[in-house]
Structure formats: structure tokens, C-alpha cells
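By letter and in written order, the chains are A, B, C and D; residue numbering begins at 1 in each of them.
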Amino acid sequence: MDLTQKLINAGEDAVDEMLTGIMAAHGSHLWRPENAPRAVIARDGPRKGKVGLIIGGGSGHEPTFLGFVGKGLADAAAIGNVFASPPPQPVVDAAMAVDGGEGVLFMYGNYAGDVMNFDMAAEMLELEGIEARTVLTTDDIASAPREARATRRGVAGNVFIFKAAGAAADKGLSLDEVERVARHANDRTYTMGVALSACSLPHTRRPNFQLAAGEMEIGMGIHGEPGVRRGPLQSANAVADEIMDAILAEMAARAGDEVAVLVNSLGSTPLMELYILYARVAERLGEAGLNIHTSLVGPYCTSMEMAGASITVMHLDSELKQMLDHPCDCAMFQVR
Amino acid sequence: MDLTQKLINAGEDAVDEMLTGIMAAHGSHLWRPENAPRAVIARDGPRKGKVGLIIGGGSGHEPTFLGFVGKGLADAAAIGNVFASPPPQPVVDAAMAVDGGEGVLFMYGNYAGDVMNFDMAAEMLELEGIEARTVLTTDDIASAPREARATRRGVAGNVFIFKAAGAAADKGLSLDEVERVARHANDRTYTMGVALSACSLPHTRRPNFQLAAGEMEIGMGIHGEPGVRRGPLQSANAVADEIMDAILAEMAARAGDEVAVLVNSLGSTPLMELYILYARVAERLGEAGLNIHTSLVGPYCTSMEMAGASITVMHLDSELKQMLDHPCDCAMFQVR
Amino acid sequence: MDFTAKDLQSLLEELAQVMAAERDNLCALDGEIGDADHGIAMEQGMAAAASAARDLAEDLQDCSLQDLFNAAAKGFLNAVGASSGPLYATAFMRAGKQVGPATSIAADDLRFVIVAMADGITHRGKAETGQKTMIDAWRPAADIAAAGGTSTEVLAAAEAGAASTRDMVATLGRAARLGDRSLGHPDPGAVSATMIIKAICTRF
Amino acid sequence: MDFTAKDLQSLLEELAQVMAAERDNLCALDGEIGDADHGIAMEQGMAAAASAARDLAEDLQDCSLQDLFNAAAKGFLNAVGASSGPLYATAFMRAGKQVGPATSIAADDLRFVIVAMADGITHRGKAETGQKTMIDAWRPAADIAAAGGTSTEVLAAAEAGAASTRDMVATLGRAARLGDRSLGHPDPGAVSATMIIKAICTRF
């Protein structure tokens, strides 16, 4: 089979070379401790008396995770191999670098590998006298039924959930409070996506699944994990409707409520298609009497070059609104 | 042949539905005059006594052009069909909406169709008593030899060139001066790209050219026009080296000079690959003794879902540096 | 035989149909040396031209050929932009000027419509023959038309001109950056031009 | 017959080779129900484990089996992360605890290494058999090993366990979100587990 078309050097160097490029481009926002090349730390942000927020996970989802490191959002990210949780060590390195004496919060998508590695890191930090708590993101409503919300995957909704927690930490709230805000943000965030093509790992350069032309995978995970079902490729409006039906049903919002919306590209789906989807999403929210307070449209949580898109809606209340509006200044994401 | 995988509704509605979505998402930055749905105007920016900057071209390059409309950058964009120059009318509509009595400057990539349409618009505006001048961007060094610089295409370098002109206009410079800055910016901006896959028009959903696996097209245009040659797909470093060799040779900078760099995705090439390229670009610039003042990495000037990337270097001087640093606040691009 | 306002309308409707039918072929030709959209531009342009003429004829009793050509020009241009828009808008406007405010002309005068359209395209695009553009079909057709050739001869000249673009290196338009790589591919604009000339030639 | 520190090193080198050879197959299996990277994790993990053991043996004369297992654990974990990292790191650490600071053990005691590794994986991942994970290979192998079965019987149990995952609906790990769609595909972690068990089984 043909190798996929990638602009890389050796596949096994891809993550480290990417990090070299990111540090070269964003040195004013980010730094790495010596001997901890997979722990990426915010230059501005971490400080005494502040809860440290550490995010992380596999590579290949850029700008998630390290693009969201910066003042007002995450203090650090631990970087894994492509689609692989980081091992405990960079998580520990990150925590040691940002600890301000008030404990640290780990936030990441709910995947078995990440849970094991971050939990090991938390055990290691306990020996160092640093309290580490964990809030898993579980916004992918296609990945398990509503009753099993805690087993769902964390996907593109991360950006809103991390943002809320990062703001809470930046405002100087206690670890208890930051954790509460993080859980609250996660509880009110709903994502669902569709995939239109595979991506491929730099090592193998083989499509990581097969999808025939004219088909789409509904509920695809952001690592190419199969979704809830496969079906014929629908129009943008039909896709938006299917996703919005599911989200609106779960969200159970009332007319007049406010929301934040993210229409996210999984990689190769261009802005043209995202805005076509957004037009329908805005229409559906309007019909439901909901007001859009924040919109993001673009590649925020990707699967390298996978084609497809996801829609995230966060059901705001006054606290979450305040958290989303709080300024942040990250390498790849800013709010003023 | 199979249709390409796109999240759209009817192909002929794609541009207008995209614009509906963009206006819904970015209503705080952008508006459209009634009866001129293809003229997108900055809410903040156009004002009496200021030269109006109007950019534009075909759709399918998002965030180019309309993402760069806003205070400190372009006052308006005229929007064409996919890969097709806008007709004169939206250009005229845009100019009428932003005219501040000091004349308007048209800036767009050097393509036969755009030149004919914008020139017709300039003729129409003359009848309205509005002086319209034109600066074509010609940054694509692969599209013609150095001696024929004026015949080259305008591609991703647009973002730096428009930015410089927009800053000049925002600073209140005269039409003569804004035009001079725009030409100066264009003269010092060099871009070259490679394509790794085709894109497809929403109407036909057929790949707009054929590229075998393992091949790349060097010097590909941003509408899928064939480049200078086809060759085997090289490593990221080899591609960056070939492009940087060409750029550095033309630029003839001196050690200690400063540059702005853009590593741009043509669409489906993800951030991982762009930063791998960036790492090498930064290395090469460093070896040449050049200092990077501004870096942009991401999809800035795309060809919908085409895979590939381009590298742009702007050779700064103190004036251009000041223009790039001038704040701007656009729908899809900000500098503070 | 006369060529009436009704005939012009039916000519435009026919062109809209032809371009719709040939859309994907023209796009494929443009894909080889350009940006793969020429079929879309011609389909949308001619559809808009026909519909603008239809709307005008409905609104305005006894509208002149010039009125219809001008409406077609505006319709084409506003729907399309691109290279084809200004070129065909100018062609239609010149055709309108040529026929003037009459409601019909002698069918044989269509040869001057061809000449006027070719002149309009040259005026707007500044192309000369041999540069691998639509003018390589329009100019020889116009020359034969001006010299009194039959409609069969006019069409043959257009077709030969379009065919000859295959062996030209483009020096204008998008394909001009290709150099020798444009060899071996006919110019899409020249191919669509022969379709337009053919539709006119069947009418005189 | 004894199993020495040298033998452990050669076991790890062999595992590194096996995983490199099977990388793309394991990735393809993971692609069906997971994220297509299991082969990469196992290749990198075992390569790092072998190289950490090699480095240690060079630095430290007479290093113990436990030292080597611990070095392998750390090497695997830091190179990989993912799910396999913590699981095999814990497995190697438990194996080290099992053999203790000796520089060799009786080869037949490798059966207790298998038991310890299975226990480590269970401790870290909390999986039970029937959930379609690597434990479906490790647990039956460990049971037979503990009960005194021959190495042939141990391997057969692992292989049967791995094969049985094909008919299981995953309830742990990435594939757990697939429901019935995970049916018909073997678990990649169970398949790579049999390769490890096989390499151990040829040594007692």
C-alpha cells in the first residue's frame, strides 16, 4: 500500500522535531526545563500561591494540548508520543516546574492510558509533597450513553473546559474551587463529531482505518477510534442537525440560556466547510432560543490530517461565562 | 470517479453559506451592506480621512481574504466564487462603504481574472469620484524568474504585505504613502510552496489535478495550478532546504537583518508538519545570521483541503517591522 | 432571414444548456493547466446571461437586441467574475453596440456580432493569437467572418484555432507560469469559445 | 538449567526484535478497534527496555535480575507512556520483585515471572478476563504456569486466550466505546502478549 503524503523526516522524530519548531516559534510563551523535553511550561502564569493546571495527552491533536499553555489557561502540558499518553515523568516534571504551593490539577481526556500514566505521576508527586488532583474530560456524547457519562471520551470540548479551569486558577481560587469549576465545566460541555477520512501515524504512514468514498463515521474518536456507526456521507446541514439534535436533547437548556460553540476541524476539513456547518449550528441554536456568547471555528483539536469536524456546545451560566471571558495569552490561543 | 469527501450542502451554495456562517460567527468584526452580500466590511477601522484598503479574490483560501478584514488591517474584502475573482460590483460596493475621502487602495494577488475585474471596478469608481489605486502581490518566487517579478503570482505572503499596508493606512498615511509601503512590502516578500495532494471544487467534487502517491509538486499555485516541476516527495528538511535556498538567494540579506516568517498550510497539512518545517526554517535563518522578528505557523492562505505547505520570508527593515507590529484586530487574525 | 430579440434569447438559453452539459469537461481541461473552474464559470455565466435576458424580456416589451446583450453582459459578469466574466461581459457589450437599438438584424449580420465579440475580448484581455487563450479561437473566426466567409468556414476557423492551442506555450493567464508544461493541453477558454461560435454559426 | 542476567538481556533483545518485526501487524490490529499505534508502543517500549538493560549491564558488573527488570520497566515506561507503558512497566517491576536480587534463577522459575507479570498488569489496569484486553492472554497463561503446566501448555493457554478476544465485546480501554463493533477483531494487546509469553516459554 502507498505511504501517506506527509512532510516529515523520520517518523520516530516527528514529535520531538515538532516540539523543536514550537519552542523556536513560541519561545516568548513557552519553555522546557532542562532534561525534561516533553514538559512544556508557560513563561508567564505559574506563580506562588496559584493552583497549577497541567494538561496533556498524546501528540497529533495540535493545537491541543500545548497550544493552550499560557497565562490564564494551563501552566504546563505533558507531551506524549503520537496518540499515546505521556509517561508519568514529564507530568511530574511539569508539576514540579509550576507548583506554587497550592497543589496541582491534572486535566486530560478520559483514556485508559492517560489515566494510568497520570495516576502514576500523582503517586510520584505525593512523595514530593505535592497534592495532585485529576479532572477527566468526558465531553464526547457519542462515546457512551448519558447514564455512563463518566466513561465517555474527552475530545474538542477540552478547549472550553480547560479554559474555565485555567481562568479559575488564574483568579487565585483554591484547589477545591478550581476542581469544582473544572468538573462543572465538563458537566456542561457536549461534543459530537464525524470523520470523513483517516489520518495516519508518522511511523507507519498507513491510513489508520478504511473509510470508503461516500461514507462517514459518526462519533469518530480523535485518535481514529471507530465511532457509533458508519453511514453514507450526508450534507453539512444534515450532519449539523444530527449532532445538534443529540446535543440539544442532552443539554436540556431553556430559551434565553447562553452557550459557547466550537465548530472544530479534525484536520483537513477547511474553514469553508466549518463555517457552512456553523451557519446551521447558529440557526439551530437560534430556533432553540439560545444565545451564542462565544464562538470558535477552526482546527482546535485535531487528529493530524483526518477529514471531519466536531461540534461542541458548552451550556453557560454566569460563572462559566466569566471564566471563558477571562483573558488568556497562550502560544496558539488568546482571549482578551 | 468518486466524489471527494466534503461537508457541504449544494456545491453552488457553498460560498454564500460560508459567508452566512462567517457573519454569524464574526458579527462583532464584520458586516455586509444590504444588497452587497459579497462585500465584507470591517465594523471598526474605516473612517473619514483614512485611506481605504480593499483586498479580495476568489474564495477557498480562507482565512485569506476576509479573515484579514478589521481595524488595523483591511477595511473590506470583495469575495469571489471559489478560485474566481470577484466581479467588479462587490469591489465597488466595498469601496463605497469604506471610502473616507482619501482614496482607496486595492490589493490582491496577481491573477489575470482579478486584474480585469478590479480594473473594471476602478473605472466604475472613477465615475463616483473615488480614486482607486492598485498594488498587486507577486510574492510567489516559483511562478516566474526574478527578472519577471511583476508577472509572479501572489500567494501566502499576502498576509504580511496586506498587514504592512493596513498598518500604514491605519496610521493615517496618505494614499501615496500607503501605496509606497504596500509596494515596498511586496518587493521584500518571498514565498514558495509544495503541494502533496489536490483539492476539489465544491461544484464538481473532483480532484483538480492528479498527483501520484510519493510525488510532490514544487511551486504549486494556490488554486492547484501546476508548479515548476514534479518530483518525488522529499523529507521535510529537504523541502525546507530547497525552498530556503531559493528564498535566501533572492533575498540577499545581510547577517543581522531581521525577517518575518510564515510557514503556511495549504489546507490539510497539520500543525505537526508545519512546526517540523519551521524548525528547519529557523535553523537555516539562524545559519544565515538572520533574526526572526515575527513568526506565523498555521493555515493562513489555503487551497481548501489541499495538502502541502508554503514558506514565506519577509525581509524586514525598520519601517516594515513597525508596520507588522502595529496592532490589528480582525475576525481571524490579531496583533496586539 | 432575420435574427430577432427572441432568437437572441434562444441563443443564450442554448449556450446555458451547452455549458451545463460541458461543465465537467471544461473543468477537467482547466485542471490540466489552470485551476479547474472554467466549466463552472461558463455554466454559471451563461445561465445568468440567459436569465437576465429572460427577466428583461418579461419586464420590457419590445426590448432591443442591445438591451438584451447588455443584460446578458451584466448577468454574466456579476455571476462569475473570474477571467471569463470581464471577457464575455465586454464581448456581449460590444455585440450590443454593434447591433444597436434594433429589435432584429439580418441573420447574416451575426458575422459582425462575432467580430465585435472578438474585439471586446481583445480590448479587455489584451491577448494576441498564439498566447494560448480563447482569442486563438475568436480571432481567426472573426477574421473569416469579417472577410465574408460562410458560417461553416467561420466555425472551422474557430475549431482549428482552438485545436492549435494544444501546441502552444501559454504566455497569458493562469497557464502562463507553466512554461513548456502547458504544451499538449488545449486551452479551456478556446474550447468553450468554439461552443459559443458554433451556436452563433448555426444561426446564419 | 539456569536463567541468568545474560539470558534476561537476550530475552529483552529478542522481544525488541519481535516487536519491530510485528509492528505494522499490531498497528493494523489496533487500527480496527483502537488508534493504530499498539505496534509502535511495543516496538519502542521493548527497544527501550532492552537498551536500558544493556546500559545497566555495561555500567554495573554482576547486576541482578531485579536490577535489569527495573531498568527495563523504567526504559519501557519512559519511552512509551500510552496504555502499554504503565502495564508493562508494572509487569517488569513485579517480575523483578519476584526474582529478587539474584543474578540467576532456575529456568523453571520463569513460570513465576509470568505469574508476577500478569499480577502486575492486573494491579495497574484492573482488568478481568473477558473484557478484551491483554489480560485475556496473561491470566490463563499465569494460571497454567502457577498450576505447574509445561511451557507448551502455558503458551497454548495464552494463545487460546488471545484468540478468544476475537469474540468478545470490549469493556475496558479504547475499544470499550465500540460496543458490538469490537466483535470479530482480536485485541492487539492480547496478541502482543502471546509474543512475550512465547519468548519466555522457549526459555523453560
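Quick note on the criterion: contacts are C-beta pairs under 8 Å (C-beta built on N, C-alpha and C of every residue); 3 or more make two chains touch, one makes a residue touch a chain.
All of these numbers come straight from a predicted model, not from anything done at the bench.
J.: In whole angstrom, what separates the CA-based centres of subunit A and subunit D?
T.: Result: the chain centres lie 31 Å from each other.
J.: If you average the CA atoms of subunit B and of subunit D, how many Å lie between those two points?
T.: 53
J.: From the mean C-alpha coordinate of subunit C to that of subunit D, what's the distance rounded to whole Å?
T.: The mean C-alpha positions of subunit C and subunit D differ by 72 Å.
J.: For subunit D, what residues touch not just one other chain but two or more?
T.: In subunit D, no residue touches at least two other chains, as defined above.
J.: Where in subunit B do residues touch at least two different other chains?
T.: As it turns out, subunit B has no residue touching two or more other chains.
J.: Drawing the touching chains as a network, do you get a line, a ring, a star, a complete graph or other?
T.: Drawn as a graph, the chains make an open path, so a line.
J.: Among the chains present, which pairs are found to touch?
T.: Here the touching chain pairs work out to A-B, A-D, B-C.
J.: Quick check on the complex: what are the subunit A residues that touch subunit D?
T.: Contacts found on subunit A: 12, 58, 80-89, 111-113, 116-117, 120, 143-144, 151-153, 201, 203-204, 206, 208-209, 221, 223-226.
J.: Along subunit D, where are the residues that touch subunit A in the complex?
T.: Subunit D residues touching subunit A: 23-24, 27-28, 31-37, 39-41, 44, 77-87, 124-125, 172-178, 181.
J.: Within the complex, which stretch of subunit B touches subunit A?
T.: Against subunit A, subunit B makes touches at 2-9, 14-15, 17-22, 24-26, 59-60, 62-63, 67, 194, 196-197, 202, 213-214, 216, 233, 235-237, 239, 267-279, 282, 292, 295, 297-299, 302, 304-305, 307-309, 332, 334, 336.
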